[in-house]
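What follows is a group of structures, each given as structure tokens.
Each of the next two complexes has subunit A plus one more chain, namely subunit B in the first and subunit C in the second.
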Partner chain A sequence: MAAAPWLITTPYWRGILVLCAMNVMLALSLNLVLGYTGQLNLGQSAFFAIGAYVSTILIKTYGWNFWLAALAAIVAAGLVGVALAAFAVRLRGHYLAIASLGFAVITYQVLINWEDVTEGVRGIYGILPPVSDTVGLFYLVAGIAFLIYFLLDNLVRSPVGDTLRAIREDEISAASLGVHSAVWKAFAFGLGAAIAGLAGVFYPGFVGTLVPDAFGIIESFTMMAMVIVGGAGTMIGPVIGAVLLTFLPELLRGVGELRLMIYGLALTLVVLFMPGGIVQAWVAVRNRLRS
Partner chain B sequence: MTDFLTLILQQSVNGIYLGCLYVMVALGLTLIYGVLNQINFAHADFVTVGAFTAFFTATRLATKVLGMPDIAAYLVSLVTALGAGAVLGVVVSAAVFAPLRRSGADELRPLIATIGVSVLLENGQLALFGPVPYQFDSPLARETLRVGRIFFSAHSALVVAVSIAAIGALYAFMRFTFIGKALRAVAQDRETAGLMGINQNLVIALTIVIASALAGVAGALLGPVVVLTPFTGASLIVKAFACVIIGGFGNMEGTIIAGLLVGIIEAFTVQYLGSGIIDLVVFAMLLAMLVLRPTGLIAERKEENV
Partner chain C sequence: MSLLRAERLNKSFGGVRAVQNVSVAVPEGSIFAVIGPNGAGKSTLLNLLSGVYQPDSGSLSFNSADLVGLRAHQRVRLGMARTFQKIRLFRQLTLLENVLAGFHIHQDLPLWKCFLPVAVGRFREEARELLAFVGLEARARERAGALSYGQQRMLEIARALATRPRLFMLDEPAAGLNAAEVEFLLQKLTHIRDKGATVIVIEHNMDLVMNVAQRVFVMDHGVPLFEGTPREVQSNHQVIEAYLGGEFAA
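Presenting the complex of A and B:
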């Protein structure tokens, strides 16, 4: 990972590296909710947006220090995540999926309509990254992504991870064993939202501009594709998915619609033929080779 | 005072017409949910495919190649859009829903798989048709009718008529035909229906095809009145879900009432609050409904086994 910027030297591809590190963070954030807690959350793009907008507005309008603004953005996204969990406590399965989808659309509409604060579709321009060169930004974002991976890996191995998995497998049985599913769902949603918000903090500086269109529901779907293709409910799966789905379409030199066509096709095919994603397929192949 | 009353009446008429469009989109979703307990997320993109099929039939094939008059061409395009929707229904049923049903997948996998189909269809159409909106010129949309002091386009009258016809046909089919009865039996209890000798796979496939054909027709009706792009359907999907949830998932009567309600609320929102916040109002309704009464307007009792 550390050597990647030396292997890849063109500015364009170094940019893709930064994007990849951000996608890894987003995939990890969704995986906590979707993969480990089993809640189909289609609203993850909203937390990405909240992180991006809160930090940018605090820095540009109120002159906050980057890291202080980042902290505020993480807290804001996390709190909204807990608020969304209030719905998740009462709703399951399809209902939660649609409620979270509605939440993502509302957030997007607020970004467009609340022009006094967000500048609406005009967008916010001239946003500076926390580190001026791409390589430095890559190390920063990738380092944070690595740290999040490490922390989440420890979390899911702990009894907390067992609790979340118990809710995923059978919420009613888990409740009968004394699991406060409402509290733990709120925890998973809040933490997942905070991580997505953190990824959002780096996005505006990287691109230089901030427009609502970067946070449509398609962003939720691309995150979901990364998690599912890699393998939901495993730690390494979403990382593989994020790296693969960031680089593969670039290698094919695709324009926008081709990239998203690949995401859609990959998502459908993996759900149909390889429901555990790449990780499960790899385990199956390895077992066959051994026996 | 009479002006005020006219305004209310006018907006109600607009709302009913909008509501009929939403009902046409939402009915297929609710039909599939009622029988399968599953969501076809690509449903709204079938609407878009229907709209483009109708567009090319009405403005190219029927008028330019076959030399038909405008109005006849548009009516023919309703039929081709229905066909396009039905074909998509066959494909998604055979390629996505049937294999997942055989593998005994949980309820969320078909939803995720059809989200993939939706992304694929949207961006496939974007590659084919480009992002520039198409001008779907329907002869009926230009014609304005007047009843008293209420104005509406001939197209909106057609929308209401087609919606009523489609709902009526669906009702008659469900009530009075053997296949309709089998369909309701499968919706109530799949296993018992199977024991009674009903071929449930066939019934489920048929349900998906009917629902998708409805989506195709909805596309043909929407085409001339919306900005026709590859994302036309996608912009409607959450509104359609709102209708389905407000009406009670899988409940046809509830969906029809909810669709009309959403249409009327939208018409008055445009009148009094501005068009920018329609989505916000509808989704706030959706979320409020989910919190206060997740079973919808018309509740259906369901038990859960552990």
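Presenting the complex of A and C:
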């Protein structure tokens, strides 16, 4: 990972590397909710947006220090995540998916229409990244992504991980063991939202501008695709998914109009033939080779 | 002394009165059987006791604490555990993970420490002992879904025991088990009682509980029919009628 900027030297591809590190963070954040706690959350793009807008507005309009603004953005996204979970506490499966999708749509509309604060579709321009060169930004974002991986990896192995998986598998059963699932779902939603918000903090500076279109609901589906293609409920799976789904569309740019079709076909094939994602397919192949 | 006491419990679903005016007092340290034909309201009663349902009326107390209004997960902390008629395991998780999840209310690790690479083996030994208790320690690393039906029942019991219950309620634990497995189950229930827990067993087959239960409570069509020792129940006219149908009664 550390060597990537040397192997990839063009500015364009180095930019893709930064994007990739952000996507890893987003996939990890959704995986906590979707993969480990089993909650069909389609609103993750909204938390990404909240992180981006809150930090940018605090920096540009109120002159905050970047890191202080980042902290505020993480807290804001996390609190909204907890609030969404509290609101959706009785919903699960498809109903939760629709409610969280609705939340993402509402957030997008707020970004467009609350022009006094967000500048609406005109967007916010001239946003500076926390470090000026792309390679430095890559190391910063990738380092934070790595730290988050480390923390979440410990979390899912801890007793909290047992509790979250128990909720994913069977909530009634979990309740019969004393698990207050509403509290733990809110915890997973809030933590996942805070991490997505953190990823959002780096996005505006990297692009230089901030417009609502970067946070459409399609972003939620892309994150979900990363988690599922890699392997939901595993730690390394979503990382693989994020890397793959960041680079694949770029590599396919050469084939022009066919790009999105090939991308879509690849996703469909993975879901059809590897329902557990790449990680589970790999485990199955390895077990077959051994026996 | 009664560990669990229910008075005049009622529960209806739409027009169906599933439980009507049921009063029970479960003596501490006993095995208390609830029997009755299909549709007698036994499972509804257990769901009322464990907090899956709230009663429409009536009172309910455990160890003199009022249970009405407390939800299922809150009752577990008071020392009540249960299993389900239709087995509910964490099928994708290993046997060990299933039992470890059962220690939830006893976890005292601060949340922030869960983000650090610390030793998490606090309940592992006890979880393995529980698996050994139900004869499944050799399969600790396998997924729960891979077990046979009878083994799944025993795993569900081990998982519930991880909450360290004072009152353990089992909903038709013998359903679907073969004769050897039933024998094993009854032996384990006696063992759990001997270690100090109070046991409520819901059972469809009355012969099964006759040897292990101290008290037997009989229900039919949502109403209490009879309560007594196994011997009294076996000779009771109404009970025989409920089970065999009116035409067989003398």
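Going forward, the second predicted complex is superposed on the first by the 276 of 291 C-alpha atoms of A that agree within 3 Å, B and C clash if a C-alpha of one lies under 4 Å from a C-alpha of the other, contacts with A are read in each partner's own complex, and residues count from 1 in each chain.
Methods note: contacts are C-beta pairs under 8 Å (C-beta built on N, C-alpha and C of every residue); 3 or more make two chains touch, one makes a residue touch a chain.
Quick caveat: nothing in here was measured; it's all calculated off a predicted structure.
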Subunit B versus subunit C as contact partner of A:H180, first or second or both or neither: second
Chain touching more of subunit A, residue-wise (subunit B, subunit C): B
First (subunit B), second (subunit C), both or neither touched by A:I172: both
Contacts of A:L155 with subunit B and subunit C, given as first, second, both or neither: second
Which superposed partner A:R90 touches (first subunit B, second subunit C, both, neither): first
Which of subunit B and subunit C A:D213 touches, first, second, both or neither: neither
Subunit B versus subunit C as contact partner of A:D133, first or second or both or neither: neither
Which superposed partner A:Q109 touches (first subunit B, second subunit C, both, neither): first
Footprint overlap on subunit A, comparing subunit B with subunit C: 170, 172-173, 176
Sites on subunit C touched by subunit A in the complex: 50, 52, 71-74, 76-77, 81-82, 84, 88-93, 97, 100-105, 107, 109, 111, 113-118, 120, 123, 159-160, 162-163
Complex contacts: residues of subunit A adjacent to subunit B: 40, 87, 90-91, 93-95, 97-99, 101-103, 105-106, 109-110, 112-113, 170, 172-173, 176, 218, 221, 224-225, 228, 256-258, 260-261, 263-269, 271-272, 275
Subunit A-facing residues of subunit B, complex: 33, 39, 95-96, 99-100, 103, 105, 107-109, 111-124, 126-127, 238, 241-242, 245, 249, 276-277, 279-280, 283-284, 286-287, 290-291, 294, 304, 306
In the complex, subunit A residues that touch subunit C: 151, 154-155, 157-163, 165-166, 169-170, 172-181
